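A, B and C are the chain letters, set down in written order, and residue numbers restart from 1 in every chain.
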Amino acid sequence: MTARGRLLSFVGDVDTTTQQAAEGRLLEVHPSPWVASRPAAGEDLAERFRRELEALGGEWLDTAELGIEAVLAPWLRSLAEGLGRPLRVVVDPQLLTASSPVFDVLKSVAAGVLAVLPAVVPGTCGDGVPGTCATTAELAAADLGISLVDLAIAETGTLVERPRPGRPRALSLLPPHHLAVLPRCRLVAGLEDLFDHIDALEGDSEADDAFGAYFTWISGPSRTADIEKVLTVGVHGPGRLTVLWLDDALPAS
Amino acid sequence: MDINTRDFPARARQALGDGALRRALATSNKSFRHSRDQAVAEIPEWQALRTYGQQAKKRAVDALPTALNAFRDRFTARGGQVHFAEDAADACARVRAILERHGARRIVKSKSMVTEEVRLNQDLENHGYEVIESDLGEYIVQLAEEAPSHILAPAIHKSRQDIAELLHRHLGTAPDADIPTMTRAARVALRQRFLDADVGISGGNFAVAETGTLVIVENEGNARLTTTLPKVHIALVGIEKVLPRRRDLAPLLRLLCRSATGQQLGSYISFIGGPRRSGESDGPEEVHVILLDGGRLDLWHDPKGREALHCIRCGACLNVCPVYERIGGHAYGWVYPGPIGSVITPRFVGLGEAKDLAHASSLCGRCDEVCPVKIPLHKLLLENRAQSVEQGHVDAGAGLVVGGFARLVGSPKLWRWALALARPLYRLLRRTPVTRWGALGAWQAGRTLPSLEGPSFRQRWRRRHARGGGR
Amino acid sequence: MAETTAPRPRRVALFITCLVDFLFPRVGEATLEVLHHFGVEVDFPEAQTCCGQPAFNAGHRPQARTAALHFLAVFEDAEVVVAPSASCVAMVVEHYAPLFDDHPPTAQRFAALAAKTFELSQFLTEVLGVESIPGRWDGSVAWHHSCHGLRGLGIAEGPQTLLRSIEGLELRPLPGAEVCCGFGGLFSVKFPRLSTDMLQEKIDAFEASGAECLSATDGSCLMHIGGGLERQGSAKTAQHWVEILASAIAQVPPRQDLTRQDRPRLESD
């Protein structure tokens, strides 16, 4: 065995000036090749996103024509009917503000259809953030997790979520069904655009900390092909992923 | 994983005769290749993308001390912890030190080749910890007390019937359960393990120097669960996984996911920059990244081997390799199978320990063609062969033959005499009936040696000129 | 690679390769005949030996260097070097210069040698600009890509285009044409069963193709596949592509501007 610390001295024997100079070279910008799979200028991003999402086995709920109430309420009722009992739902606190159109729908269908975990009452969570703070146990018992998407990538049908106070990371992970609310203004074209937009997202005060502590990309439902390469959905994460498309309205935050 | 690379020829022979294994491999390789080829065909700029990937990895690996320093500085600035592990024992000890500090007993793991490399599961189990693999394929091979046989699809050597019987014994599913049923049963069994786990252990696909971000690509959601639910997350990552900048991720993720499974992106990609922040109700309170040397520094210091560190573990070279397709991953005798395995395994376990691996290739070069970061795999195999010879791992007979060859090849006169002498010997050899006599017998069992077409070309040329023919 | 504007070489040095010299001399003669047909004079430096590939592939670099230096001494002054084997040309083009990366002036000489060394189909199609072959050859051919030709030198369409141009010749698709036949030199000796298994896949694909003859740029693949066919008692054959070219060209009436003495005379005449 090598003497302890060989790797440490490999890394550590660099003085600050040398490190800064070398880092400068390492972090030089090298333009990456343009890739035609990125949406073209003028391409309908919503249409592209829908196509990619559906190709991955995700579902698309479009509110553009009928409005959110007419789309979401019957959808929730049909899920509850399918279960034969009230639907256990955990909701992103960002969607539980008085001005949120999603909140209005949840209130209107609540009785007998929804069992919101915890109750849909404005409360406080963590550092005094309004909303509800579901425990892991509640998330594990839920039928549906509803979250507001932070960003989405049309090219790949990908949803981007960052941790937010009061919204558990596992909200989009533990329940077997994930409903992601996606307003048009949060849709970007390609992967490269995402890395530009993520800097502008709220929540990171440190100027040089563009990526923050955590974020996750979700492209379609959970899947595996570990047995004989046969595609099977819903192995550990949600087996169903539905995107609620809000063509114009961004729920007030 | 135990090192069984010395037994490669015997293991390969055995695998070659295993009909069920052969069928499983043929199906899976074909499926992998088909998905990859389709996904690559969608990107007309694929070759430019490969060049970018190659250069990005080269920038990071060439500046490895800088890149690792930068990663550590950024990651620790957010409260994460970075450790440097020299070898397997060091890595395992560091993991155990963290577990002990937290009084942890139950550990849930998501897929990680580095943890296989350092034999973490055995180490932890020997110390009384309960370790459960959560990737479906890894879970299956763990239940079967086997090792993974493919970088991406650990249980690809098993048929659905094998797996149904296995899950019947362990989870009580029907002995002929279908794949969705088995998948659901595994989900239910593993869900409670995630909720109960004290510590989650993962690998990592990329470590971004610029931002101090560990990137994990997966499809099942088990890596998200592993890195979200337990209070402590430990990632074991090879030091070569660094990328310079966050913008390198777009091309590299395209290269990795399309090459690996033919997807545009894995279903879930997690970008982990440290522990949970205030106001968050879940996510680990402590995140550790253990960066492993394990032979990589030696490879780094060898200018003729360093490119092997560019590998992003997509598995594409396995899926096109005619040798891998015939023998599967277990024959290779260690963690990394296929062409990349034959390149890096001898460097990690010793060239003498694994000298046959570099020869387990017809040098057909299909691996070079698909490698998303353009690693010249067949040249690295040749380099391993040469270094193996330099270190003296040569059969006495081969040494004599090669010594004789060197004498002849530099002397046209001796060369001509040798060829003339070889003719009657060759005729004799051809007339020898097929025997079980060593390699020649096995060779001749599959093919005849061609008959000599009269005089050699040299003799014919001379006669032509004697007659004044030719021009 | 030669520029299209470069003067057309009139004289080439033939690098015959061990396998052709010893086992397949008719491939060498066919090479002469084809080159002569296109007006190229051929030298055969008799001091040539082996390119060193067997030693190189086995990891014996010092011995491979000996072979490379001898090759350089024999061929360095040639205008152009041509060989009917992609594998041996790939050795010269791909591996010689890096073998001497500890001595840049020598490496440079090898790089210059590499730039003027061509596999026969490369020379015909890329340097001479040959687009079709006269004469006729009746039969169906399946094309097998030699690994060193396809992936080492990038030879894909050239030889097939020339074969396709021959009257009476039907080129049939070979499924998995780009897959290795399992020879690999030392590989087939170290792992004969693995190698045989790969060979079988190739033979099965060839049998299914319906073609009568399998052809390729390399005697090594053809020896391997042909040996497998013979062992299995198949009526089908494996034949070097240049032999097919020469047979077709042999059907063409002799050119008037050549005296009888100028015409290439072959041992088999």
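The definition used in the following text is that a residue touches a chain if its C-beta (ideal position, glycine included) is under 8 Å from a C-beta of that chain, and two chains touch if they have at least 3 such contacts.
Keep in mind that what you see is a predicted model, and the values were worked out from it rather than measured.
By C-beta pair count, the most extensively touching chains are A-B.
The chain occupying the central position, as judged from C-alpha centroids, is B. Subunit C has its Cα centroid 58 Å from the Cα centroid of subunit A. If you average the Cα atoms of subunit A and of subunit B, the two centres end up 32 Å apart. Put simply, subunit B touches subunit C in their complex at residues 9, 12-13, 16, 322-323, 326-327, 356, 358-366, 368-369, 382, 384-390, 398, 402-403, 405-406, 408-412, 415, 419, 422-423, 426, 439-440, 442-450, 452-464, 467-471. Residue ranges of subunit C in contact with subunit B, taken from their complex: 16, 20-26, 28-29, 32, 36, 41-42, 44, 46-50, 52, 54-63, 66-67, 69-70, 95, 147-148, 151-152, 178-180, 182-201, 223-224, 226-228, 230-231, 261-262, 264-265, 267.
The residues of subunit A lying in touch with subunit B in their complex are 1-2, 4-8, 10-14, 19, 22-23, 25-27, 29-30, 32-37, 52, 56, 125-127, 129, 133-137, 140, 155-158, 163-166, 168-170, 173-174, 190-192, 194-195, 209-230, 232, 234-238. Those residues of subunit B that touch subunit A in the complex are listed here as 24, 27-28, 31-32, 42-45, 48-49, 51-52, 55-56, 59-60, 63-70, 72, 77-79, 84-87, 89-90, 134-137, 140, 153-156, 158-160, 163, 179-180, 182-184, 186-187, 190-191, 194-195, 208-213, 219-222, 224-225, 228-229, 239, 244-251, 253-254, 261, 263-283, 291, 293, 297.
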